[in-house]
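Heads up, the next two complexes both have chain A, just with different partners, chain B and then chain C.
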Partner chain A sequence: MNWVGRAIERFEDPALLRGEGRFTADVAIGARVVRFLRSPVAAGRITRLAPPPEMPAGALFVTAADMPEVGAIRPMLHRFSYRAVEQPVLPRDRVHFVGQPVAAIVAASAELAEDLVELATLEIADETAVADFDDALAPGAPTVHAVAPGNVVVEGFVRQEGVDAALAGAHHVETFAFRSRRQNATPLEGRGGCAGYDRATGRVRLTASTQMPHMLRTGIAELLGMPEADLQVVAPDVGGGFGQKMSLFPEYAVLVWLARRHRRDFAWIEDRNENLIASAHSRDQRHVVRAAFDAAGRILALEADILANVGAFSCYPTTCAVEPLMAFAEYPGPYKVPLYGARARGVLTHTCPMAPYRGVSRPVITFGMERLMDRAAAALGLDAAEIRRRNLVDNFPYRTATGMTLDDATYVEAMEEAVRLADIPAFRARQAAARAEGRLLGLGLSVFNERTGYGTPAFAARSMGIVPGYEVVDIAMTPQGEVEARIGASPHGQGTRTTLAQVIADRLGLAPDQVRIVHGDTDRTPYGWGTFASRNAVISGGACQAAADKLAERLKRAAAVVLQTTAEQVMLRDGHAVGPHDASIAISALAQQVHQRSDLFGEYNLAESASYDPPGTFSNACHLAVVEVDAETGGVAILRYLVVEDAGRILNPMIADGQVRGGIAQGIANALYEEIVHAPDGNILTGTLADYIPPTSAEIPAIEIHHLETISEATATGAKGLGEGGSIGAPAAVANAISDALAHLGVDIAEIPATPPRIRALIRAAEAKARA
Partner chain B sequence: MAAMKPAAFDYHAPATLAGALDLLRGEEARVLAGGQSLVPTMAFRMARPGILVDINRIPALAYAEKRDGALAIGALARHAWFETPRAGGPLGRLLAAVVRHVAHAPIRTRGTFCGSLAHADAASEWCATVLALGGRMRCASATGTREVAAEEWFQGVFTTALQPGEMLTEVRLPLLGPDWRYGFAEFSRRAGDFALAMAVAVLRVEGGVVRQARIALGGIGGTPVLAKEAALALIGAAPTDAVIATAAETAAACCDPQEDIHAPAEYRRDLVRAMTRRALRQALAA
Partner chain C sequence: MSRHVVSFTVNGVPKRVELEARRTLADMLREDCGLTGTHLGCEHGVCGACTVLVDGEPVRSCLMFGVQAEGCAIRTIEGLAAPDGTLNVLQRAFRTHHGLQCGFCTPGFLMLATWLLERDERLDEAALRHAVSSNLCRCTGYQTILDAIRAAAQELDRWEDSAAGEARR
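Here is the complex of A and B:
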């Protein structure tokens, strides 16, 4: 029986549904409470920093002056254009964004710690802040860091020969300038950590809400100058990460420092305000994208000018280049683009640092390409599907203008299926009838590919100082015959304990519930990179499969001894090792014998290890949204949302669909709702969930999901990653649908989120123009 | 680790109204009813009551019933009570229509009608509704009681005519006869959010002509306001689409909407026009 491909229920869920999950805040009970005194201004010099006049017994006030031995966070990118910005754990003299931690305050309770934060003294001589890239790039703008004069921290430039000629001689040139506003990933559980000190060993156990326990351990040990072996990092249940929890944050270093210095347990559990202002932001970008088309609507050349506001510091380990340079490298997406030119700049500002968020730059470039395609279609008199049909890559492998190889996929097929399911001619009739009644309906397409499951070759190409990518799995069978697989990746809601158990079970002839996936503990798992970049099913899955195959060989050799045959003659199925003539032994009995009668076998345990480091594979999808726009309020209702997704072999369809749905919800948030807003002085105006507004279940429509399964030849399991696709495709689909609904008014969406006031302002301007 | 982080306060849960009023004489005393606005603002330390007077153990305050020709709503009447009409005729139906827009179901089971009036959020559906209906607020203190009309109640952002030491013990709403019509419309970003603009219209129509009209707007400034000019545009007229459009345009032209990160003033004016028109259409639909 094959377990892969079946929608078995998640092993993770019963505890979570009963409220018996164990999150960092559950572990933190009893620890001293840490709160951070944070900068109220975006830029300035600290002139006075002092503890409250009266400190209760046991209270602590910790500043940079207390930790002179602690280093700065300094992620590296080995590119000529990269300026290596340093982020102090706690600043000595200057603050660089509102919310930056300046001092740690420790008390016996959260209320008391909050009191002390209010009573501490922090005086800052304000300096002129730059919050937006236009301000940061203006001549004479304040310099955020001296190491990056002009505030450009990283730059990429490419212009293939022939781009200029193609643009000059094209039948049609379509230009699209747009703005993507800043977002926060907003996991249900914020960041948090509890550093426990073991007086017997001198080791610190940091329980943290993180996606990358091994990297966090390496980063903190380096910062504190401590032996890495004296630090254990545990990621317990993690309530969502979405990329926000894959960076090294100063707060964690402070917790470990406190535990070592004071030989006690210290915990910090972020509140929602801290998460919104001081964790990590993303997607604050502006692009101008331009394409040359021939008379048949085929792209001849593409050029893009990419600006990304990366905030005040560079995130570790991915660096602040992750947004601008991903947009730079992947702009053409699933389209045949023969010639390409681009310039990408990461701009420093006095704002919360940027870090990866589900999809990283791909929601933004997909928005750019898909809106550009619709606009070009209108200009060339083609319909939206037809212009895509003429440009989508349909012959694989395809080498892109930026040097990537697109493996077998279904760009055209996925779109055709979505268009067929939506019955566009029938929709156009409904749209016309509705418009006659004054109702505005629109339909939008979004076609994209998603680079997933990539190992060290892809990361090395980014020139990161630290090159993530591989995963190692240690697998062992207990004497009772259960399998333990220890993975370096660290799930935070993906159902990995279930899907990887399915992969392993199939290779060993066991049931998934006989397989335990051990993760999220640096003491118990091999060094690995974590769970991000749509990599876990592909890379941990491939390593699990390889490790299980090696274990299967061990079991077959042992079974051959018992069954008096050769290993080649043994099959593992239904919990048994089966030899010729149906002679068999239960795998559990075999495991017991190998451990307890090793004298008979010459095998001393049932443990294996395997690694996996694939080149990467591209999944793809077509999203299709139908919306109704209320012209009087600018409000948008999503009437239908359908997805045709190809993520290769689907390990567990229920979990795959959950990933798609969750991603689309965040993509719809990106399209219509969520926006971090700053005042010009860098103060942040969206510090609560009353002002930063993630949509709820009431705003997210039912989502129809259809799968195509192009089994990947680039991955061991045939699976492709799909964690980010939902968030990548949705903004463009929704924006194209709104633009379609308002096309007769000449309204076109070029800024997300497309909020009701923005849509209303576009309609008002269009009406005024029509009157004039 | 405790999740609550308010500043220190004293807590009392008296069993009688007299006991509560006595405690309210204390410095910085605040009434805790449903706590759906007060407790979060305390957690953010935007509210720092020195004394919290929990009235939930005073059963005599839990009523919403007809008294002396009005609907009398006691201080412990929860929002959710109004989901089924608490008064006959149009009034009960109006409140039942409005309550569906008050926050979310869990909040409605705890939060109170009088609490909304005392908190006086400019985007509170109940505040705009009470203003449209011309309700009266009964305020009690250790030294006596007084009544305040809705027009005098709302004084500014989160500020009412309630004096230190006083408690809003009851709101009285006039019953509406069968020839009264009502409409309610609001626009909010998410279901249950505070609205960016709302309109409540209450009209008496006799012989096909509007005889009385009150329109209250909420969510557009520091307090709910009456759209008096818009109401005047309706009185004496047969409510045609053109008359409704004129009234809506008048409401938009005469209001003074505020600007914040969610809505420029011009946008709020657009919403006032749209919501007024929708509320009036609803009220005047056959």
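Here is the complex of A and C:
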């Protein structure tokens, strides 16, 4: 029986449903409470920093002056254009964004610690802040960091020969300039850590809400100049991350420093305001994208000018280049683009640093390409599906203009299926009838590919100083015959303990509940990277499969001794090792014998290790949204949302669909609701969940999901990965649908989120123009 | 800060706790009662992760003070399963319908749904959607949460078909 492909229930759920999960804040109870005094201004020089006049016994006030030996966060990118910006753990003299931690305050309770934060003195001589890239790039703008004059921290430039000629001689050139506003990934559990000191060993155990425990350990050990072996990082249950929890944050370094210095336990659990203003932001970008088309509507060349506001520092380990350079490398998406030119710049500002957020730049570039396609279709008199049909890659493998190889996929088929399911002619009739009644309906498509499961080569091509990619799995069988698999990656809600158990169970002829996946503890797992970039099913899955296969070989060799046959003749199925003539031994009995009667076998353990480091693959999808726009209020309701997606072999359909739905909800939020808003001085106006408004069930529609299954040769399990696709495709689909609903007014969405005030402003402007 | 003694029950068990007046009900449950199943997602009344039942009504425990719980009967997620850990119908439905991913919002949704399923009126689609929109989940996109609660209501014979509900109104 195959377990892969079945929607089995998750092993993670019972504890979570009983309230018995273990999150960082649960571990933190009883530790001394750390709160951070944060900068109230975006830019300035610290002129006075002092503890409260009266400090209760046991309270601590820690500033940069207390930790002279601690280094700065300085992720590297080996590119000529990259300026290596340094982020101090706590600043000595200057602050660079609102919310930057300036001092740590420790007390016996959260209430007390917060009182002390209020009573501490922080005086800052304000300096002019630049919050937006226009301000930061203006001539004479204040410089955020001296190492990056002009505030450009990283730049990419490519222009293939022929781009200019293609644009000059094209039948039609379509240009689309747009803005993607700043987002916060907003995991429901914020960041937090608890650093416990073990006096017996002198080691520190940092429990943290992180996606990358091994990386966090490496980063902190380096910053503090401590032996990495003296630090254990544990990621317990993690309440969502979506990229935000990949980075090394200064607060974690302070916790470990405190634990070592004071030989006690210290915990910091951030509040929602800290998360919204001072964790990490994303997708603050502006692009101008231009395509040359021939008379048949085929793209001849594409050029893009990409600006990304990366905030005040560079995130560790990915660096702040991850947004601008991903847009730079992946703009053409699933389309045949023979010639390509792009310029991408990461711009430093006095704002919270950028970090990856589900999809990173792909929601933005997909928005750009898909809106561009619709606009070009209108100009060329084609319908939205037809122009895509003429341009989607349909012949694989396909080498893109930026040097990537697209493996087998279903770009055209997924779109055709979505279009068929939506019955577009019938929709157009409904749309016309509705318009006659004064109701505005629109339909939007979004076709994209999602680079997933990429290993070391893809990351190395980005010239990152730290090159992630591989995953290692250590697998062992207990004398009772259960399997323990220790993985380097670390999930945050993806159900990894379940899906990977399915993969392993199939290879060993066991049931998934006989497999324990161990993760999120640097003491118990091999060095590895984490759960991000839609990689876990592919890379940890591939490593689990390889490790299980090696363990299967050991079991077969042992069984051959018992069954007096050869290993090649043994099969593992239904919990048994089966030889010729149905002679068999239970795997549990075999495991016990190998461990306890090694004299019979010549080998004495059932442990293996394997790694996997694939080149990467591309999953793909077509999203289709039907919306109704209320012209009076500017409000948008999503009437229908359907997805046709192809992520290769699906390990657990229930979990895969959950990833798609959750991603789309975040993508709809990106399209319509969520925005971090700055005042011109760099202060944040959206510091609560009542201002930064994640959607509720009233805003997110039911989502219809249809699967295609292209089994990729590029991955060991055939799975392609789909964690980010939902959030990549949705903003474009929704924006195209709104633009379709308002097309008769000449309204076109070029800024997300398309909030009611923005839509109203567009409608008002269009009406004014019509009157003039 | 002056301290106060509060007496109440949690999941049927009598408790007496001494705390500061400014301590929230959520912190009292988590830190003074050791019931960490109740989660804090915002501490300002928006996300609903901290929802518990106080005298049968759903309450955001981050917005109520512990001292206000004097004499109250409080129910939390820890009280839902049988003492041996067996999941109840609602919990099982969340598992079957994949109504949780990271599980951080789950305590709030479970307590909200517990209230929905125990009211005098039967639950219908409109009431379900209205109530569920009061909490935030960042992982699931909500559809599976609605599915789970609907399925539990059906299994408990607490579900009203919309058409029937409409006719009754």
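The rule is simple: the second predicted complex is superposed on the first by the 772 of 772 C-alpha atoms of A that agree within 3 Å, B and C clash if a C-alpha of one lies under 4 Å from a C-alpha of the other, contacts with A are read in each partner's own complex, and residues count from 1 in each chain.
Everything below uses one rule, namely that a contact is a pair of C-beta atoms (placed from the backbone, for glycine too) under 8 Å apart; a residue touches a chain by one contact, two chains touch by 3 or more.
Because the structure is a prediction, the values reported are computed rather than measured.
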> Looking at the overlay, does A:Gly635 come into contact with chain B only (first), chain C only (second), both, or neither?
Replying inline: first
>> Quick check on the superposed pair: does A:Val4 touch chain B, chain C, both, or neither? Answer first, second, both or neither.
In response: neither
>> For A:Ala110 in the superposed arrangement: first (chain B), second (chain C), both or neither?
In response: both
>> In the overlaid three-chain picture, which partner chain does A:Glu189 touch, first (chain B) or second (chain C), both, or neither?
In response: second
>> By the touch definition at the top of the document, which applies to A:Arg18: first (chain B), second (chain C), both, or neither?
In response: second
> Taking the superposition as given, does A:Val419 touch the first partner, chain B, the second, chain C, both, or neither?
Replying inline: neither
>> Quick one: is A:Gly493 in contact with chain B, with chain C, with both, or with neither? Answer first, second, both or neither.
In response: second
>> Quick check for you: in the superposed arrangement, does A:Val677 touch first (chain B), second (chain C), both or neither?
In response: first
>> For A:Ile29 in the superposed arrangement: first (chain B), second (chain C), both or neither?
In response: both
>> Between chain B and chain C, which one contacts more residues of chain A in the superposed model?
In response: C
> Which chain A residues are contacted by chain C in one complex and by chain B in the other?
Replying inline: 25, 29, 110-111, 271, 688, 690, 696, 698
> In their shared complex, at which residues does chain A touch chain C?
Replying inline: 9-10, 12-14, 16-21, 23, 25-26, 29, 110-111, 186-190, 237-240, 242, 271-272, 492-495, 654-655, 657-658, 661-666, 688-690, 694, 696-698, 700, 702-703, 726
> In the complex of these two chains, what residues of chain C are touching chain A?
Replying inline: 1, 20, 22-23, 27, 30-31, 34-44, 46-47, 49, 76-78, 80-81, 85, 87, 91, 94-96, 98, 100-107, 110, 129, 132-146
>> List the residues on chain A that touch chain B in their complex, please.
In response: 25, 28-29, 31, 33, 109-111, 114-115, 118, 267, 269, 271, 273, 632-635, 673, 677, 685-686, 688, 690-691, 693, 695-696, 698-699, 755-757, 760-761, 764
>> Show me the residue ranges of chain B that touch chain A in the complex, using the header's touch definition.
In response: 1-8, 44-45, 187, 189-194, 196, 261-264, 266-267, 270-271, 273-274
